[in-house]
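Labels for the chains are A, B, C and D, by order of writing; each one numbers its residues from 1.
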Amino acid sequence: MARLNGKKVLITQSDDYMGPAIKDLFAKEGAEVTALPGVVPFKDDFRQYVSGCDDVDILIANLAHDPKSTPVDDIKDDDWHSLFNTMVHPLMCLVRHFAPLMAKRGHGKIVAITSAAPLKGIPGSTAYCAARGAQNSFVRAAGLEFAPSNVQINAIAQNYVSNPVYYPDELVASTRFQKHLERNVPTRRIARQEEQAELALFLASDKSDFIVGQVMPFAGGWVTTT
Amino acid sequence: MARLNGKKVLITQSDDYMGPAIKDLFAKEGAEVTALPGVVPFKDDFRQYVSGCDDVDILIANLAHDPKSTPVDDIKDDDWHSLFNTMVHPLMCLVRHFAPLMAKRGHGKIVAITSAAPLKGIPGSTAYCAARGAQNSFVRAAGLEFAPSNVQINAIAQNYVSNPVYYPDELVASTRFQKHLERNVPTRRIARQEEQAELALFLASDKSDFIVGQVMPFAGGWVTTT
Amino acid sequence: MARLNGKKVLITQSDDYMGPAIKDLFAKEGAEVTALPGVVPFKDDFRQYVSGCDDVDILIANLAHDPKSTPVDDIKDDDWHSLFNTMVHPLMCLVRHFAPLMAKRGHGKIVAITSAAPLKGIPGSTAYCAARGAQNSFVRAAGLEFAPSNVQINAIAQNYVSNPVYYPDELVASTRFQKHLERNVPTRRIARQEEQAELALFLASDKSDFIVGQVMPFAGGWVTTT
Amino acid sequence: MARLNGKKVLITQSDDYMGPAIKDLFAKEGAEVTALPGVVPFKDDFRQYVSGCDDVDILIANLAHDPKSTPVDDIKDDDWHSLFNTMVHPLMCLVRHFAPLMAKRGHGKIVAITSAAPLKGIPGSTAYCAARGAQNSFVRAAGLEFAPSNVQINAIAQNYVSNPVYYPDELVASTRFQKHLERNVPTRRIARQEEQAELALFLASDKSDFIVGQVMPFAGGWVTTT
């Protein structure tokens, strides 16, 4: 049985991060997927970016950016703002646009693909932690706000999920990375993108209507609290 | 497609709490369910209770007890110990018995049905919070310990899920309770047991192998951190 | 015994939020306080704002903004960015400027005055939650990064602390607010600013050198997790 | 100025764990300290143990036990119960006895010395995590319950604090342990007991009356969430 039969799904920045894997799984589950590639704009061109999508049942707010990891001393203003411009401000625009439309229709799902980094704090990635932390906190509050309207907004706070940007194959194969996994990740492996997509599917399906405002760690035990 | 086809599942204290709903859903999904009614013993008769079940793929550690809510001043020694004897010590016995067997076979799932109460702290239910908190903390640590053995151990930390013990129908229908929901539970409703069973199914299925040691709130937004 | 004898302290946006109370207490404890009024700029004029302060031992990153509470649908772009421009970007600039200087001298303290709001999630204050959440996440990561350099960076995540902006006297005195306190704040009262300043003092003193990267709730039990 | 002038303080299990350091600092700060050595009984002899102490202003619930670290498979029933009998059940007895007396007098402080272990989850120390987790959860709930009575109950969830039982000098001096610290503890050192006592002092003093039901990590950045 296809679990998203007839559901209209919008995936943003669809060529990056978890976009491709979620697109594939959701299509296989019967969804009618609109995949919008490219960074989501947060100014005047936002409406253009999402035009024609107002009737989606499910929004996958997939927003990603090179983490620009660097010690605090060396944070460049441009990198800092680029992280917020790509991941934080567009998330607000997306939720502000779609959640009220969903509320009006009486149902809807928003799944933000964020990060577990701010749940633990990563030295050398403080800018990334700040931006992802803003996302997680926004999802929590917006999730509570839209809960009475039967719109469920949650985040997947992930780390150690295979993807070309953060975990290219040659990095993963290296002895050094394998040792890092052994020390830091209880599962001692990174996840395949398809595994992440299954959690996204669960949170996008009507089986999870009682889950709202949650920031769900998906990191092989690397974090256990939120 | 049945999602637990051929899987052997053990559900403890199966007539109480989430036992009946999980049993129904898991059977419908193709599982071969062994439902053991009654409180799980934690002394010599534990082995008797679980005899013949050593080959289960999935254990639902469903353990429940009247919360014995009362101000701290009035906690009875017997009630305190009864909570630990019913919910905490048996959970350790179950994990100690089954997790190593699963590890030896190379895979396995344990889902503990616990509570969100200790994540927030409920005045007047301190004994219950202490016992459920012991469960959650044990699951977190044991989940990390068995992660490298491909055995996933997680907890569902729930509240406001319909069940005859904690939320009898006439309570739920009362104006007072409805007002309580409006003020305290963002979804403004309690969950049906079937909804909870869907989360248990997700955590029991092989779709969630990267999730370990997690205490997942399932409480309509009543708690958002762990 | 004055607990900050001879310590050089910088307090930003010193006329707002916790600035006045911290200034008074720290001065009483022997500190040499530089109080900089006004919003902290985060662009070219940042260096001008902090000029002459490079040798401070303790930085109180006190940054505040009207919460601009409104449903998600009505968030104004200008308000959203104003929150980030006032509270988030300046915090990064402050830490990027002062923490390395402190690290070079071999010791230092940064206490960010943030909010408990993002720890719980407040419907109707999602923009504020997002900005304060960015702060908390940045403090956590930066706190871990500077821990080996003997610079301690922590945040006070407060709510229900008396101050003219968020809790004017006539609001606090109202029956409605008193009822709100009874239902939501276990202490059933708001804190005086002097009480908050005592926690700031503890975190700014050399008695708390083992505490790093923490987001400490200070909210009368309104939140209990981070 | 002595910060505990004239305060009556009870420290349990006073020869172990943080007992000696807290006793010294509190006495220096003017407190009248009653130090009760030995494991706190939780059955009939509890009243005998605490007899004559009913008028204490401050209770330091210092309860400790060898962590009995072992893989789950090898947990001995006796060790498991010994952990709960020493740390969990006595904590309830202490709070049940003293908190109502304090509430009747209109003020009081209870500081439980627990552990950060359950906040993260330590493979190989699951029994210890369970027992310490029960303590933390009990403190959170009891802290909220007694907040309106002006009795503040909090916990210090510590790790990596010097003490003869968990961190004997020769262990700390070893190259292996130093490497462990570098990898796991952001401060790259363990705390002196006196540093921990300063946090206990802050939580025991009347400067922290707005802090209730909190489980405060004290672990050099090893954990950052609760």
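We adopt the following convention: a contact is a pair of C-beta atoms (placed from the backbone, for glycine too) under 8 Å apart; a residue touches a chain by one contact, two chains touch by 3 or more.
None of these values were measured; they are calculated from a predicted model.
**Student:** Measuring between Cα centroids, which chain is at the maximum distance from chain C?
**Tutor:** The most distant chain relative to chain C turns out to be B.
**Student:** I want to compare two interfaces, A-B and A-C. Which one has more contacting C-beta pairs?
**Tutor:** A-C is joined by more C-beta pairs in contact.
**Student:** Counting in whole Å, what is the centre-to-centre distance of chain B and chain C, each centre being its mean C-alpha position?
**Tutor:** Distance between chain centres: 39 Å.
**Student:** What's the distance between the Cα centroids of chain A and chain C, rounded to whole Å?
**Tutor:** 29
**Student:** Show the residues in chain D shared as contacts by 2 or more other chains, in ascending order.
**Tutor:** 120-121, 123, 140, 143-144, 186, 213, 221, 224-226
**Student:** Going by the contact rule at the top, pick out the chain A residues touching chain B in the complex.
**Tutor:** 1, 140, 143-144, 147-148, 161, 186-188, 191, 195-196, 198-199, 202, 207-221, 224-226
**Student:** Any idea which chain C residues touch chain A in the complex?
**Tutor:** Residue list for chain C touching chain A: 43, 71-73, 75, 77, 80-81, 84, 88-89, 92, 95-96, 99-100, 117-118, 120-127, 129-138, 140-146, 213, 225.
**Student:** Which stretch or stretches of chain C touch chain B in the complex?
**Tutor:** My answer: residues 119-121, 123, 183, 186, 224-226.
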